[in-house]
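Taking it in order: structure first as structure tokens, then the write-up.
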Amino acid sequence: MKLPIDLQFLRRPFERRTPPGSAPGTAAKPEEEVASRMHLVAFGPEDFQETVIENAAEVREYLGSYDVTWIHVHGLGNTAQLRQLADMFDLHPLVYEDILHPHQRAKAEEYGDYAFIVVRMVELEPHLDTRQLSMVVGDNFVLSIEEASSQDRLEPVRERLRKRVGRIRQMNSDYLSYALMDSVIDHYFPVVESFGDRLDTLDDPLAAGYTNDIIPQIQKISSDLLTIRRNLLPHREAIRNMMGARFTRYTDNTTVFLRDADDHTSQLLDAIDAYRQICSDMRDFHFALTSQRANEVTKTLTIIATVFIPLSFIAGVYGMNFNDMPGLKWEWGYEFAWLMMISIAGGMLAWFYNRGWFKG
Amino acid sequence: MKLPIDLQFLRRPFERRTPPGSAPGTAAKPEEEVASRMHLVAFGPEDFQETVIENAAEVREYLGSYDVTWIHVHGLGNTAQLRQLADMFDLHPLVYEDILHPHQRAKAEEYGDYAFIVVRMVELEPHLDTRQLSMVVGDNFVLSIEEASSQDRLEPVRERLRKRVGRIRQMNSDYLSYALMDSVIDHYFPVVESFGDRLDTLDDPLAAGYTNDIIPQIQKISSDLLTIRRNLLPHREAIRNMMGARFTRYTDNTTVFLRDADDHTSQLLDAIDAYRQICSDMRDFHFALTSQRANEVTKTLTIIATVFIPLSFIAGVYGMNFNDMPGLKWEWGYEFAWLMMISIAGGMLAWFYNRGWFKG
Amino acid sequence: MKLPIDLQFLRRPFERRTPPGSAPGTAAKPEEEVASRMHLVAFGPEDFQETVIENAAEVREYLGSYDVTWIHVHGLGNTAQLRQLADMFDLHPLVYEDILHPHQRAKAEEYGDYAFIVVRMVELEPHLDTRQLSMVVGDNFVLSIEEASSQDRLEPVRERLRKRVGRIRQMNSDYLSYALMDSVIDHYFPVVESFGDRLDTLDDPLAAGYTNDIIPQIQKISSDLLTIRRNLLPHREAIRNMMGARFTRYTDNTTVFLRDADDHTSQLLDAIDAYRQICSDMRDFHFALTSQRANEVTKTLTIIATVFIPLSFIAGVYGMNFNDMPGLKWEWGYEFAWLMMISIAGGMLAWFYNRGWFKG
Amino acid sequence: MKLPIDLQFLRRPFERRTPPGSAPGTAAKPEEEVASRMHLVAFGPEDFQETVIENAAEVREYLGSYDVTWIHVHGLGNTAQLRQLADMFDLHPLVYEDILHPHQRAKAEEYGDYAFIVVRMVELEPHLDTRQLSMVVGDNFVLSIEEASSQDRLEPVRERLRKRVGRIRQMNSDYLSYALMDSVIDHYFPVVESFGDRLDTLDDPLAAGYTNDIIPQIQKISSDLLTIRRNLLPHREAIRNMMGARFTRYTDNTTVFLRDADDHTSQLLDAIDAYRQICSDMRDFHFALTSQRANEVTKTLTIIATVFIPLSFIAGVYGMNFNDMPGLKWEWGYEFAWLMMISIAGGMLAWFYNRGWFKG
Amino acid sequence: MKLPIDLQFLRRPFERRTPPGSAPGTAAKPEEEVASRMHLVAFGPEDFQETVIENAAEVREYLGSYDVTWIHVHGLGNTAQLRQLADMFDLHPLVYEDILHPHQRAKAEEYGDYAFIVVRMVELEPHLDTRQLSMVVGDNFVLSIEEASSQDRLEPVRERLRKRVGRIRQMNSDYLSYALMDSVIDHYFPVVESFGDRLDTLDDPLAAGYTNDIIPQIQKISSDLLTIRRNLLPHREAIRNMMGARFTRYTDNTTVFLRDADDHTSQLLDAIDAYRQICSDMRDFHFALTSQRANEVTKTLTIIATVFIPLSFIAGVYGMNFNDMPGLKWEWGYEFAWLMMISIAGGMLAWFYNRGWFKG
């Protein structure tokens, strides 16, 4: 049996590299040596500029000139550039610390000049995990920093910007940050659905009933769904927080879209609950089936054994070596012994049958 | 055993056809090729007009002329007409997207000029499922769009309009939308009751105790009830939302009726809980019964085996081939052996009896 | 075993007689043909009048002349009279519908000129069930309608009115409706206590441990208590609703008494929880006891069988028919065989004893 | 096995002596004939007077003359005196009823001129039970009435008054009532701790693993802790109610102390939860241990039986009486038979060993 | 098996040394004779002074002269000095009592001139336990009192003060108290992670499946995690309380940092839940594995026994001593007997195989 436990998680619950008691805002250099890549998109309804940048200082020339400047950093390896960006946008040390320690729960916080949003990108390969996307949303910029991952969740948004799909080029930085968040949440859908597909492949072996490791597989699915649930739930809190009256960065125009993201989260949570219910049903079915079969085996074998025990006893009696045993010399003795044995066996079977032990 | 799992659900949790990261409001063409049928009823206290329309443009001529115009679209296949209606009523892209992706939870949302209501119609055939009814409720119109289904949940409301039953012709569009929602919720009652009927057919085989597949059946019922519960619960949230002070489309007059719909939802949820409790009771009863019977079988057979084991041993002893075994040549040896065997058997049975092993 | 399931409930969860989608307020004639009986009490601090009335129209002559007029209708069979009363007091169609479909949850609603209160009267005979008492509470009247039942829950209040016990004759219609509700809730006490009595009769057979059907009985009690809980809980919501600032019909004077009714409900719910805990304890005890006994039986029999198996084998060896078997002809062969068998049996028993298999 | 059920509770859930439907405020004479004893303490910062009184009328002479007069009634037997006190302080009939029916949940209610507080005193002897202490707190008096009990929970407060310990003589009636409540809650601590002591005595027999009745004992402790929890929880609600802005009798000065009482309640509830967790751990450990031992026994015996079965068969074969059986007359036949039997036994044991059946 | 129960906790749930009913604020001398050590740090942006003090009176000379004076007392043994400090800062008796009875739940309370904060420091050695850190936070001082412990949780903060790391020297007493609290919470991280390491060492023996005491170990981990959870949860309440509008001591500047501490607590609680889920998965896996193996053993042995039982019966029949038994003298009798026995065994095995008893 394969062990249905996510050892990955066991080894690295928190991405902490600073000792306990460090000054808040202390940000240790991440172990992973993925060099940060920086990508910049600047746009307005009519303008569009996209470029890869090497030095954070290049950002300044776009900031005032376009309605929205989106700086995206992929990978946490280049702390020098990150530090420079943090200084440029005057980030609070706690924000900077959270960006560099990518084990934060999804959340939305307002600081004076910007909002700080954390979402988690789900991925199935090489094993179920989530990666942090941090966003700093100012009046005319979005700074997004992504924990290195092989899967690009944000390319669809770039495409919409390039091709001017929908309203995104007309809208401000708050809408852009919503669009990024929405894209991240959208990518939970195929992940959750894949668990349905995996459950679907289990129903035939389950009905056949002989697969030993089906329970660990179901349990692994149920446990993974719970992990997704635990990661997803804070997104809903964050979204509702952003929609609330006390969170001022998101305009009414964008709030309507946040309500849609809220819907998506609820739908995902509903589907996760439904799948977990199916896991639980499958487990119950498996145990009902195997217990029924075990009963069948035990009952059959016990009945066979029990019927033969008195017969063997009779044979044993007639095998005793007494000099003078009645019947042994009788002409029909042997036939009588068989008659007795057959009667006893038949009587026992009839009695068992009457008591209903052969049914069900 | 039949597998008590709703594979249908496994295969299609979300009616999404757009890739993750699409612009919000993107609405892909539904796969199902059920051509939309459009039906229009326009009425006031004194006027009544009912017609099938082919082209969405025909709607305009009724809109101003009647107190309420109800446009009903059955089936999502004709996106051209739906698009035209969406433009006519200036629907928000998110509303249009929700209409075309019929996996939304029940909800009620206010947009500027209209409210958007989603409810889910339950159906048992060919298997337990729910279908989406979307409603756009404006000042003088209701636009309802129904995911294709073989069962018509709204005909009773049309009949009331035609025959002027009750107050419906005197009331406005908000009351009409309530009436449609009420009709949808009313149809949950026979569905929920049908599970009671199914449980009722299980009680005799359950009491008889030998039916192998009764547990999967009960489990399927319990699981289906949970599915209904999960679909129904958001209706209550939606209704309470509509009754709240911040939701302004529904007048106090109609709010009284919404309170009644709220009652109905609570009654349904209570009945579902009660039925699930019965499922759980039946399951417990079945396990108590089968475990009692299994104990009875095991105990009987074990006692038989155990009583005969020493007897067979004695017979075996007297079957040994020693040249010089005491008793073998004794006149009453054989009788003595029987006496010994009967005494041992009787003694064991008496001892078992005294310890209470034959009781209960 | 008796099936611990309340089939009554299975068959009639909702007292609905109108098809889904009927106009709200549609009230079908109840199937039960219990002719309604009407009873009227009119009173003030000094006046008292009690009479049986045949025609609802008779009510009018009392309405203005007394401080409070209480019209009580027993049985829903006479819809003509009920309709007449509904018209007289200008009842909302939804109120009328709720009165005629006696499966409502306990609730309190304010309409313009009256409050509408529903409570449920519990009864144990012929089986656990609840009956609806609907109350319409106006400025100078209480109209109460009771689903037909063989048990009179309201007579104590009539007695207090007749005999001028306490303050009831000095108070208004709101206090009268409280008194009726209080009397209904009071009658839950003996019902809940009766489950304690039933549990009390089960403790001796439970300790004896051999009663097969004790688990279904306990389960039935626990399930019934849950049914009472489900019926009772909405009363608390209704009472708290009536005490709230937004519910205006009940004066501060009466609110003090409602708080007492709220206490009673909480005490009942506490007692139900305590009894259900006892049920659960009894169940656990039963399973601990039976499993201990089953272990004892199995262990004893298995040890007997296991000890004899090698002995029988030795006897079998000496029963082999080899021409030339050592020991068979030895003078002490037979005695040696016994010695061997006794040693083996003793050794095994000693070994079992050392491993602690005879303890506990 | 002792039955782990508190029959006391079964017999007397409610201390009601009035029939259902009685006028609210009806107070039947308690069955217990414990004659009430009345005790009075009157004090101010400088004055102190303590006396036993026979007649309630004596109270009047102290009421105006001291800052605080505390009248304490022990035992509900003397209803005449209680009635006189109720009249003197103009108690609401519902308050009087609650005093005489000592099954109330802990609560705090404000009436016009006084607050009415109920707390429950826990006691372990002769079995776990709680007794009601009712307090009426007016501007310059506290009237406390205690259900008869052999344990005095309030003497420490009297001592503090006599010896002027702490601030109690400087404070008003609200502080006195807090002090009484605090003393009652303080007495829960040794009771809860005693369950820890009892669990502590169970760990050695538990580790030994052979005690049959350990599960019922643990279950009884867990159940008793739940009973305490159920009694204690309403105290927290009552205290928070008293601290709330809408409850006006308790000054800010005293509210600080109420917050301390609130802490104590939370600590008790935490400890109860921790103990119940330990009960659950012990139960799980016991089942793991006994199931491991049962497996060990069963496996050993089954292996013994299974190894001997083929051997006995071989012996049986050589015991057949065929005229002409190969081997019987062979010189080494007997030795060959033994060789075969030993080989088979050894082979089976080796096979079992290889499959790991001897491990764990 | 080792008993997975924390006996330490059993013995000392509450650190109470005063009898029930003592005056609130009564503080008994702690049993532990750890002499208090007093340490003082006084600082401002530019000034820094650190000293060990012997007498509490020395504190006064620093209080006015520095922006912040931090007095830290380690160990509760020297009540004279503690009393002096309490008098110096005019501590409420309840605060003093809570400091001396270190079993308080984490909490934050405002008194007039100071806030009183309690946090609990977790430690794993010698066994899982928590120690109380009490803080009194005034305008220009922090008085912290720590239950004696071998582990210093606060040294990192002292280091930051000494080395002027981060902003701590620029900030006020509220920030210092936050920093102490943050350091305490930070130390939960390695403790929680250590449970992951322990679970990680269990997965290989778990997969091997033969370790008897793995379940108690897992259960102990799960139970310890629950203990940490119970201790940690009140910190979140306390932090949210401190962040709330009604708690005035913490400025907006510091509230941002409290939000970070709140995040940490939530992350810890999430990790605890995830680990407990893994414990539960491991337990389920273990039971699935052992039950599968037990089934395998039982089935194999039962099949062996059952196949041989009829064979032995046949051998027994041919061992009967009838004078005239057919076949015994037949030339091929013996071969025929073997044929019969082999056929029966083969037939039974084939039948078992067909019924699928060898699979799974």
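Miscellaneous remarks
A, B, C, D and E are the chain letters, set down in written order, and residue numbers restart from 1 in every chain.
Keep this in mind: a contact is a pair of C-beta atoms (placed from the backbone, for glycine too) under 8 Å apart; a residue touches a chain by one contact, two chains touch by 3 or more.
The structure displayed is predicted, hence computed values, not measured ones.
With steps allowed only between chains in touch, the distance from chain C over to chain D comes to 1. Looking at the partners of chain B and chain C together, they share no chain.
Note: Cα superposition of chain B onto chain D, rotation of 145 degrees, nearest 5.
Interface residue usage between chain D and chain E, two copies of one sequence, is largely distinct: under half of the residue numbers at the contact are used by both copies. Chain centres here are Cα averages; for chain A and chain E they lie 25 Å apart.
Spacing of chain B relative to chain E, judged by their CA centroids, is 41 angstrom. Shared interface positions of chain E, i.e. residues touching 2 or more other chains, are given as 305, 309, 312, 316, 319-321, 325. Interchain contacts close the chains into one ring where each touches exactly two others, per the touch definition above. By the touch criterion given at the top, residues 153-157, 160, 165-168, 179, 182-183, 186-187, 189-190, 192-193, 196-197, 199-200, 203, 206-207, 256-257, 259-260, 263, 266-267, 270-271, 273-275, 277-278, 281-282, 284-285, 288-289, 292, 295, 299, 302-303, 305-306, 309-310, 312-313, 316-317, 319-326, 355-357, 359-360 of chain D touch chain E in their complex. On the side of chain B, the complex with chain A involves touching residues 1, 3-7, 9-11, 13-14, 16, 19-26, 92-94, 97-98, 103-105, 107, 109, 111, 209-212, 215-216, 219, 223, 226-227, 230, 293-294, 296-298, 301, 304-305, 308-309, 311-312, 315-316, 318-321, 325, 327-329, 331, 333-334, 337.
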